[in-house]
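Heads up, the next two complexes both have chain A, just with different partners, chain B and then chain C.
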Partner chain A sequence: MFPKPIEKSSAGVRTAYKAMLPVALLIWLMPLLAIMVFSVKPGADFTTGNYWGIPSSFNLFENYGKVFFESDMPRYLLNSLLITVPTVIGCMILSAMTGFALGIYRFRSNLWIFFMFVAGNFVPFQILMVPVRDLTLDMGLYNTIAGLVLFHVAFQTGFCTLFMRNFIRALPFPLIEAARVEGVAEWRIFLYVVLPLMKPALAAMAVLIFTFIWNDFFWAIVLTQGVETQPVTAGITSFNAQYRAAYHLMSAGSIVAALPPVLMFFLMQKHFIAGLTLGAVK
Partner chain B sequence: MTNPVAVPQTTAERPRSWYKRNEIALTPWLFLIPGVLFFLVYVIFPIFQSISISFTEWDGLGQAEPVGLENYRELFDDDAFYTSLRNNIIWLFLYLLAIPAGLFIALFLNQTVFGIRLYKSLFFFPFVISQVVVGLVFSWFYDPTFGLFNEIIGWFGLGPVNVLGDERYVTYGIIAAGIWPQTAYCMILYLTGLNAVDPEQVEAARLDGAKGWRMLWYVIIPQLKPATFIAFVVTIIGALRSFDLISIMTNGGPFGESRVLSFYMFEVALSEYGFRMGYGAAIAVILFLIMMIFITYFLWSMYREERGR
Partner chain C sequence: MKPKKKKNTKTLKGRYSMRSILKATVASLGLLSLATTGALADAHGEKLTGTLKISSDMSNPAPRAVMEGMVERFGEMHPDLDIELTVTDREAWKTQIRNVLSANPPDVANWYAANRMRPYVDAGLFMDISDVWEDESMEALASTKGAMTLDGKQWGVPYTYYQWGVYYRKDIYEELGLEEPKTFEEMKANCQKILDAGKKCYTIGTKFLWTAGGWFDYLNMRTNGYQFHADLMAGKHDWDSPEVRQTFANWRELLDMGAFIDNHTSYSWQESLPFLVSGDAAAILKGNFAVAPLREAGLDDDKLDFYQFPAIDEDIELAEDAPTDTFHIPAGAENPEAAKAFLRFVVSADNQTLINNGDNLGQLPVNANSSVDDDKFLKEGFEMLSSNSPGGVAQFFDRDAPAEMAKVGMEGLQEFMVKPDNLDKILARLDKAAKRIYDK
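For the complex of A and B:
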């Protein structure tokens, strides 16, 4: 193990290390802690200039209550959910299939199709922006949740294919050969042999895609407008315009907007990290 | 009505259907069709459409008018384009600092004391938050009247500095906000990598008297190569994709000094400043070509890897 395990050091070093951990964390998360403090302050503190002093009262419930009951925030959250969940499901279905095809079968164009997905996944959004917006307009899906979902599913299929294909490549191939010898149809091999083995990878991928899509801002402003369709990342700017200079509410709103992926991360931490670091070890 | 004479089914004699005979060759294509179709329509074709739009003058509504290379010629004399390009290069280089910073934090946290798992998760935290919220958090952090940043430099007798309002600092201020989550990502890559470092090699090197920097440089970092590769890929792509932070924190200002190509493209093609789709597409093509250099390199690395197997 590197660096040298701290247990092998003197007691002094160990204590110093343990003392340093919380301090380092505090510094690391400082900008975030600052808005957490803001979000429980009463509005009066900002008008009197009491920015960093002790809050004159603890207004957690008032501030967050306002966000939840007196603003459009719940609607934006709902939109985000309606965009994110179908996208995740769509990506899982498409990429389980493409990953299976590219991971199991050997044919001449295999690697080229795979590279198409990988390369497409890295292109700048701006080169897609004008045609995709146009296509969405032509289909009558501009400013609809469906329009946004369709694009997200298509684009994320690139990353998901990369992910699933590499995972399937690492599965024991004799398993599939054994099934073929038994005369099992190929689509049944997919459904009953490979798919059950893909479960952990699908879970990891689902958590990642959830976070990516929830946090998307660019496509939200390109393909949607207004409170009916916009997800929370785009909605937060209108929210902030509504509560200009009400920093306690803007802070509370930001925290609410950021929360779902954070919860997802803490609940599914193992899957999340497994997904992000796939390929980081050989 | 049912057929009165039951036809005896003898599977052995029945000629296998065309599909059955070609099953192994056909199946991958059947599985690929939906994914490939989606991807072609929404990602691959639009790239070529954008390239062809870049040779036209188009407001997005009427008829596109072919203008040849006029848009590119205009870019050549456009100061805002050069500012954006310069900022893109600054982003690219400074963003790479997230890699050593992530390695540093990973080394710091790679211990087994009580509660370390929670510490690791909390250090990773910034990556999970959307860039929009990171942008908001940092624009308040930098605020000249109440921001914590000025509060802190005030203790050292400096400031106040209006980071986001000063054309000298604005790009660096935004990059710092971007490096924060990116470092967290690199950290988690390296933590996983460090977990997989071969303990026997480390012990052997230790017996040979290697420690500290030499150990890190000659024994550990070579073993972290896969993690470093991924960190490079995601950091470079992240740097060139930067849009959200700029849009939220400064909207390109002050005086357009914090624009990057991705933001400038959006501003030209789809904002209150106009609907010049052709010109915007030309900017996007330039950004795409820059990105293509890196994409080609990544694919080439992957190709060698695949061949090596």
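For the complex of A and C:
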């Protein structure tokens, strides 16, 4: 079931492992490396067929300069931020409350409501494309950042509730009982007892949701159009001219677009790992 | 005046009462201006008022700047006119146009020429603007008049187009002692020499199908003429006919020679360019947009040249593929006077020179009195389309045929290029699809 620690293998296997690891890593990273190399190549390299070779000239500053100063990329990045941050905050607020309600209170159909949240996660979101598009159009939210945020909050809350409810369930119940004995109001219990304990889980969830929403492409192209509202994932294609794909600029743009979630992960790594391992809270 | 930019095409619902007032005002003003300035028929002399709503699909950066520039200049000429510009994503516009034209029509809208406007003409959504074309100045637009004409009337004006043709490696031709071919026989003889030298005659990337459509367009127009080709695209001829079979037979001669690069189904058109750059292939049949990347890749004017696709049957007038982008006035336009003035402004020689120059669209002006940038390929293309395309101007396979038919058709063409023996099956399939799509 569990992989045998590599130290216990024979010397031959260990050597082979060490030799294969870099190879596997290289193959694994190949697409990413290709994009990185492409992002510093001049556009002509694509036309001359120089896909994998050394760049014919080193255009790091030119390409990234174009991305930042001669395209709508900064606007797209801002849109992404305006979509992602409110979504993350909205999801955290809603799911902390639903998680608290479903995790602490025992009432009839508690489990059914919980199942409904979970079941939402099993709906393949592509089949919602047409109804959601029509809904946003009718509500006047089509092609607005607010529309995209509302939809994301609604759809992500299901997953977040599952996450939060299970986390709160794992908290020692006597903590809450003790607070009740002290006569603390329920909303104060939520605010001053449960919420501080949920911090690692909230942080972990924030990182996850941030990544999900930032990387969302599907809803971005379904619900928004154009530079005023589209996030960066959908905006990368704007480097394409009418007839021609500018692969070098798209590569540079992709790298820029991928940086925030990566940064988010490294900055929040402590919380992220804490969130995953904090099964037992003291 | 600063043009208003609006993205959302579904607004202004509660303004109908306001509009009808406006409409009446505009109508009376129109009459008034007609009465007072009747003698002053100059386009610049008209006094235009009210609102001019323009829906444009020129969403890519350069075209968008062109569109906004035109609105600004037109607005300066008519200070009393309020211009509302809505720019929609070019691809999205293709699905939105019907909705917009019928539900909330603007005064001016972008679209494409020839059969692509057929559905909207037939549905009565485009305004007949033959009166605009009656003006003497419109004679300079003769090369595209046919493409704007359906049922004997004109339904819009073009604003830009570009030529198709054979872009070839001049240095390779010189090295092998070849001349630009004028006939199909010469074309094949050239090709044989190129093949003997260990190169391929033509590079092509058919991964996304449409490139094969270019070859079919030319072979069919040269074999059977423009009218037959247009009728075939419009569903008026059977695919399984002696004429079409002759086109494929001509194509097959090239295929059997091995004229095209191997494995072309796995390349996009951009991925097919390296063969030309490296000299493994000597030519490509492509639109003028191929020039920019080829130049970037180091093919200067000494290495790259252009020739018109040669005649196959000398009795057939040469016709070219020149995809044309257009402006139309929706039938429900509320300010047609201003719209017509705008259309006249768009096609005027000066504006055509400006918007099609290298800093803007970098394509060909539709007005024969315009000047073209000092660019070898634009000049040759302008010359070719203005004077050596007597047969007419086609729009390209996937613009001339309905979208659904174009897809099935181009799949068939790609299959034919790989497995020419399947021709019978392919033609039968196309006819079956045509029956369904054209609702015969």
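Methods note: the second predicted complex is superposed on the first by the 239 of 282 C-alpha atoms of A that agree within 3 Å, B and C clash if a C-alpha of one lies under 4 Å from a C-alpha of the other, contacts with A are read in each partner's own complex, and residues count from 1 in each chain.
Simple rule for what comes next: contacts are C-beta pairs under 8 Å (C-beta built on N, C-alpha and C of every residue); 3 or more make two chains touch, one makes a residue touch a chain.
Keep in mind that what you see is a predicted model, and the values were worked out from it rather than measured.
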| item | value |
| --- | --- |
| Contacts of A:170 with chain B and chain C, given as first, second, both or neither | neither |
| Partner chain(s) touched by A:161 [first = chain B, second = chain C, both, neither] | first |
| First, second, both or neither for A:142, with chain B first and chain C second | second |
| Touched chain A residues, chain B compared with chain C | B |
| Which superposed partner A:26 touches (first chain B, second chain C, both, neither) | neither |
| Partner chain(s) touched by A:191 [first = chain B, second = chain C, both, neither] | neither |
| First (chain B), second (chain C), both or neither touched by A:122 | first |
| First (chain B), second (chain C), both or neither touched by A:245 | second |
| Chain C-contacting residues of chain A that also contact chain B | 46, 49 |
| Residues of chain B defined as touching chain A within the complex | 23-25, 27-29, 31-32, 34-36, 38-39, 41-47, 49-50, 53, 60, 107-108, 110-113, 115-116, 119, 121-126, 128-133, 136-138, 140-141, 146, 148, 151, 180, 185, 188-189, 192-197, 199, 202, 211, 215-216, 219-220, 226-227, 230, 233, 237, 240-241, 243-244, 247-248, 261-262, 265-266, 269-270, 277, 280-281, 283-285, 287-288, 291, 294-295, 298-299, 302-303, 306 |
| Complex contacts: residues of chain A adjacent to chain B | 1-7, 14, 17-18, 21, 24-25, 28-32, 34-35, 38, 46, 49, 51-52, 94-95, 97-98, 100-102, 104-105, 107, 110-111, 113, 115-120, 122-135, 150-151, 153-155, 157-158, 161, 185-187, 190, 211, 214-215, 217-218, 221-222, 233, 236-237, 240, 247, 250-251, 254-255, 257-258, 261-262, 264-266, 269, 273, 276-277, 279-282 |
| Complex interface listing, chain C residues touching chain A | 7-8, 10, 59-63, 87-90, 92, 270, 273-275, 277-278, 287, 289, 292-294, 296-298 |
| Touch list for chain A against partner chain C, complex | 42-44, 46-49, 71, 137, 142-143, 225-226, 228-229, 238, 241-245 |
